[in-house]
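Consider the two complexes below, in which chain A is the common component and chain B and chain C are the respective partners.
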Partner chain A sequence: MNKPLEPILTVSVPPHVHCGRTIKGYMIETIAALMPAALMATYMFGMGALRVMALSCAVAVTTEAICNKIMGRKQSIDDFSGLLTGLLFSFLLPASAPWWLVTVGAASSIILGKMIFGGLGASPLCAPVVGWAVCRISWGTVMDTNATMLSSNLPAPLQQLKYFGLDSIQSIQSSTLLIGEQLGGLGEVQVIALLLGGAFLLIRRHVRWEIPTGFIAGILITTWIYQLIDPTTYAPPMFHLLAGGTIFGAFFLATDSASSPIGLIPCLLFGLIAGTMVIIIRVYGIYPDGVPFAILLTNLFTPLLDRIRPKPFGGPFSYSSKDEEGATCEKC
Partner chain B sequence: MTTFSFSLQTGETGPLEKGSEPDRLRIPIPCHTPILSEGDQVLVGTKIAIANHDGSGDMHAPMAGIIQDILPYSMLIKVNGKDRAKTKKAPSADGAPLKEWLRDMGAQVKNIDKAPILIINAVPPEPGISIYDPLLRDYRKTLELGLETVQRIVKPSKMFLVAAKGNRANAFANCTVMHVAPTYPNGIDEMVIKAVTGQEVLPDAPPDDTVILSVSDLYFIGRIMETGRPLTETIMTIGNRNYLIRVGTPVGFLAEQAGATVQPGDRIVMGGPMRGLTAINLEQGVGKDTTGLQILRKDESLKTTDNFCLGCGECERHCPARIMPGMISRCAEFKQFKRAEDFHIHSCIECGICGYWCKAQRPLLQYIRLAKYELALLRKDETPSDMIVQAETGQAGEKE
Partner chain C sequence: MSRLWKEFSKGLWKDLPPFKLVLGLCPVLAVTKTADNGFGMGLAVIFVLALSNMLVSMLRKLIPAKVRIACFIVVAASLVVCVELLMQTYAYPLYLQLGIFVPLIVVNCIILGRAEAFASKNPVHLAVADGLGMGVGFTLSLTFLGSIRELFGYGTWFGMQVMGDWFQPFTFMIEAPGAFVCLGLILAGMNTLTNWQRKNKGLEAITGPVHDCKSCGMCATKPGM
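Showing the complex of A and B:
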């Protein structure tokens, strides 16, 4: 049995069958889920939006390729994860964003959000949001969707709420917000299109229901509590749900696989914390829309939340703890 | 392989057929010491190797012939006749002498000890394996004899027959029938024990109060008692049919008999697609624990990659042992084996479901086994070669 015999067989460990899902397939389907929103964005904001999305994607993919080269790693851009990060990042930008902002943001999404931690799957933070945070803090004025889109006559609900109070948003209909007639990140405000994409991901089971549910519940519960405190100062739950990037965050940013926890209770808690944080930032923070920062902050809770685990089968058991069983018992 | 189903329903199976006689046998002896030498003539049933581990059965020649070659893990017998060794009579004593006699006759008796609960596992071990069905239908006498014999050792106060819902299950005397959902991995012993007693046991630590045996174990013990001849056969599902195959029959011979052609790069899986071993070449012989034979083409089987773990959590959501295979694989990947214990690696029942669902197509079960093996090495000061032997038979990390 020592010398190989024809035909040479494949020898491998089980399992020998697979569900057929791949990283590439997951990325492609997520990008497909974003397509309705991308089309809506182009329709709403014109060629400017298309320009930002295309540039962001191109920069993200190029940056990843260069990073892989420098780090001496196998080229990984063909799994489309860089493309997805670029697209998600562009969704957070105003359609009027200048080219250098898009370039810097997309590049930092990839470098600081992903590659520096070791690439896909290793990032503790949601990569597109990292790029967004870099731009938002460094160049606040050009990132301001309201100030840079003065020519547009669309309402900017969150800015109006922040600077002019609850009265200023009374005239804004929920349906207007739902179809995306509001100023904000070019893709994140396309609420109905994003809901469509989110539903697709849920049906395809690329996204589990726990995080979006927790996120939306967190938003609704927190706004409801604020409304109970003072209905004349705080906006209603529906408004917060539909304005800004809530839906985008719930389905596409918070569910980022590497930076979100796993398991029923951790996921629900993760969503709840993020949703609550969104409203707290919107109410008290200096930024009109709290979604990206809320997700970034909640990402930091992930390692803690992941510690909430069911009891393992027949366990817990480990050689080291068994050897010291007497000692540990005395201690406790 | 999106057509793969986890269903354990066997449907109607045909009778148990006898496998054809090959002209050579390559008997696996991974944990055995050969007692004969090259050139020796053996009869049907001559003992050829003694088990190294307590409770494993000795190996006997399934056919008469001349020992041509003895390799570290296998023995080649050239078949040349039909002469049989003399039959042996079972001891009349119960308990230990009977157990030792069965072991001597080639049966696996490691888990058979005195215990209050005896479980007979009739749930198919894996999808596509239907070996228990024809036994339960056509060989009740043999099974009953096997059960009686086992009872003489175990002396249980309660007996359970566990079957998958929808599959055949006719109770034996004094035996309660239980049904479990017909989905993989419900046929794995640990899952069956949990279904019956509600007790979760670690895979490497069999419970003191429960003995679990499969239907084929009963059949083999029954056959030994009936005929007085040693166990030299196994039952395998090949295609949709079930065969009684002589231990050591080369897989290439079986494939040929089944009319299948093997192309370069294919996998010959001995057992089921979730937990089976792949044959290294067409000459490899089947063992006593082989339950099936499947040929998976190059492009339809899982091609593992060294992709990084995405952290998507699919493995963890599907894990019946409620552990984090993804994190364990990361630990193993970077040789942090001790850290794998923090993720409860010892709870893993090695069902392979994590690898089935992994989007990154990481060899998760391989990483887990590697970590278990390394941990066992770290813990016990055993010689590596001895451990490799154990690992090959899937007993790495076993508690003694």
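Showing the complex of A and C:
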């Protein structure tokens, strides 16, 4: 009997039903969620902000393409993850950043934060923050938003709190902070726009609610404790929540899927640790804003937090038993 | 003679201490802020390594096997004190720069490693050749890493201005994280180079660790630790 040209029944391996979500779709929706903040930043800081964002995205995508070429991997820039990393990185920069700073930072975000670990999903650290840390350590004066934008008459809440104490921030209204009238990274201070984007991501279930909740709870609880200790030296919780990059960190940086843990309790703990760390760095550290460093540090807790796993139903063994250990080690 | 050359030259590339054996990383990371420091540290290590290999090899019949490690450390410690006193006399600024890392040569893995793995089993002339080769390889590696970090971090090389006025010092490179990142990139480069050479010889590329996990206690990510 002759074989039919068109197979009558196609046999394939499961899963047969796909929910329709793709990496590309995820990235596009995250970028869409960032758009209101990008528009606000352009409105607030002028064309300088647009220049920084465009350059950062272009450098990030180009670097990823070159890295893929050198490493002999499949070209992956069409999933827009490089573009997203570039955009997130530019949100942390001051609008006055010179071109070389943006170039080096975006390139190191991609190379040191992502590609060197094996590309998308393999990175133990949040990629944009790695680039930010490299720039912040190297060129502190250029990254200092307050020093480079002296002509602007916007307040710089965190710097004022750090260097001039609590009295200097009494005049700053929460509402001005909320609509983004403050100096800081060009996108990270657009609080209301970021809240909108964050809500969109939460509704679309692209970020899990546990991490932002934990993060914000961590910040509120820690500042509340400091307030109980001495309300005349430490800033109120709402101030810390709205100033600097707290909201940006909570919704967009800490929720980076590769570098955050899985599961309810680990995620809540992850957020709590990050939020607490932010306040500790803001109070004791030499840097005015601790959000990126706090997230970087908490990323390193992820493998540890991921050890909190549910016990398999009816399973006789737990994951920490001797047998399972040996079995895992045989493979590696 | 050829045996002598073989033992000397293996330290220069095949078993290059910091980049191939990945031994003695403490000074590699800590004192390579400038090429100068790296070179000076390397010279001190050459001195200690060659002499300790010689002494250990001479004493190898006398040292009881059970307390050999302690004996090696006594030999290395005596030599390090010599180096320290010599540096204080003739190279005091360098001594101040290197600080605690000169006394720490005592516990440098290379010294102990070569004493245990080579000098305690081989005649004196081979042991000295091995020590010299490893020391020279170590010095060159430190100078190389120091050069990279100094070039980007300060824009200079051995104190000479290399970069123009436009250069903004890349301070990241001379901080501690820069040392780790730099070392990691160099190791990655070494692996790529090794695989490329193997490919040219028609051998299969090495993709993972060459040892098995059970015999190695180094891995921090091992489950259950």
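What we mean here is this: the second predicted complex is superposed on the first by the 306 of 332 C-alpha atoms of A that agree within 3 Å, B and C clash if a C-alpha of one lies under 4 Å from a C-alpha of the other, contacts with A are read in each partner's own complex, and residues count from 1 in each chain.
As a convention for this text, a contact is a pair of C-beta atoms (placed from the backbone, for glycine too) under 8 Å apart; a residue touches a chain by one contact, two chains touch by 3 or more.
Here the structure is a predicted model, which means the values were calculated and not measured.
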{"item": "Chain B versus chain C as contact partner of A:Ile137, first or second or both or neither", "value": "second"}
{"item": "Partner chain(s) touched by A:Ile116 [first = chain B, second = chain C, both, neither]", "value": "second"}
{"item": "Touching partner for A:Thr10 - first (chain B), second (chain C), both, neither", "value": "first"}
{"item": "Partner chain(s) touched by A:Ser257 [first = chain B, second = chain C, both, neither]", "value": "first"}
{"item": "Which of chain B and chain C A:Trp224 touches, first, second, both or neither", "value": "neither"}
{"item": "Which of chain B and chain C A:Phe301 touches, first, second, both or neither", "value": "neither"}
{"item": "Greater chain A contact set [chain C / chain B]", "value": "B"}
{"item": "On chain A, the residue positions that both chain B and chain C contact, one per complex", "value": "320"}
{"item": "Interfacial residue positions of chain A with respect to chain C in the complex", "value": "100, 104, 112, 116, 133-134, 137-140, 142, 303, 320, 322, 324-325, 328-329, 332"}
{"item": "Touching residues on chain C, where the partner in the complex is chain A", "value": "168-173, 175, 177, 181, 184-185, 188, 213-214, 221-224"}
{"item": "In the complex, chain A residues that touch chain B", "value": "1-2, 4-23, 25-26, 118-122, 208, 257-259, 262-263, 309-321"}
{"item": "List of chain B residues in touch with chain A within their complex", "value": "1-2, 4, 26, 71, 73-74, 190, 200-203, 205, 262-269, 271, 273-284, 294, 296, 298, 301-302, 304, 307-314, 316-317, 320-324, 338, 341-342, 344, 346-347, 349, 352-353, 355-361, 363, 365-366, 369, 375, 378-379"}
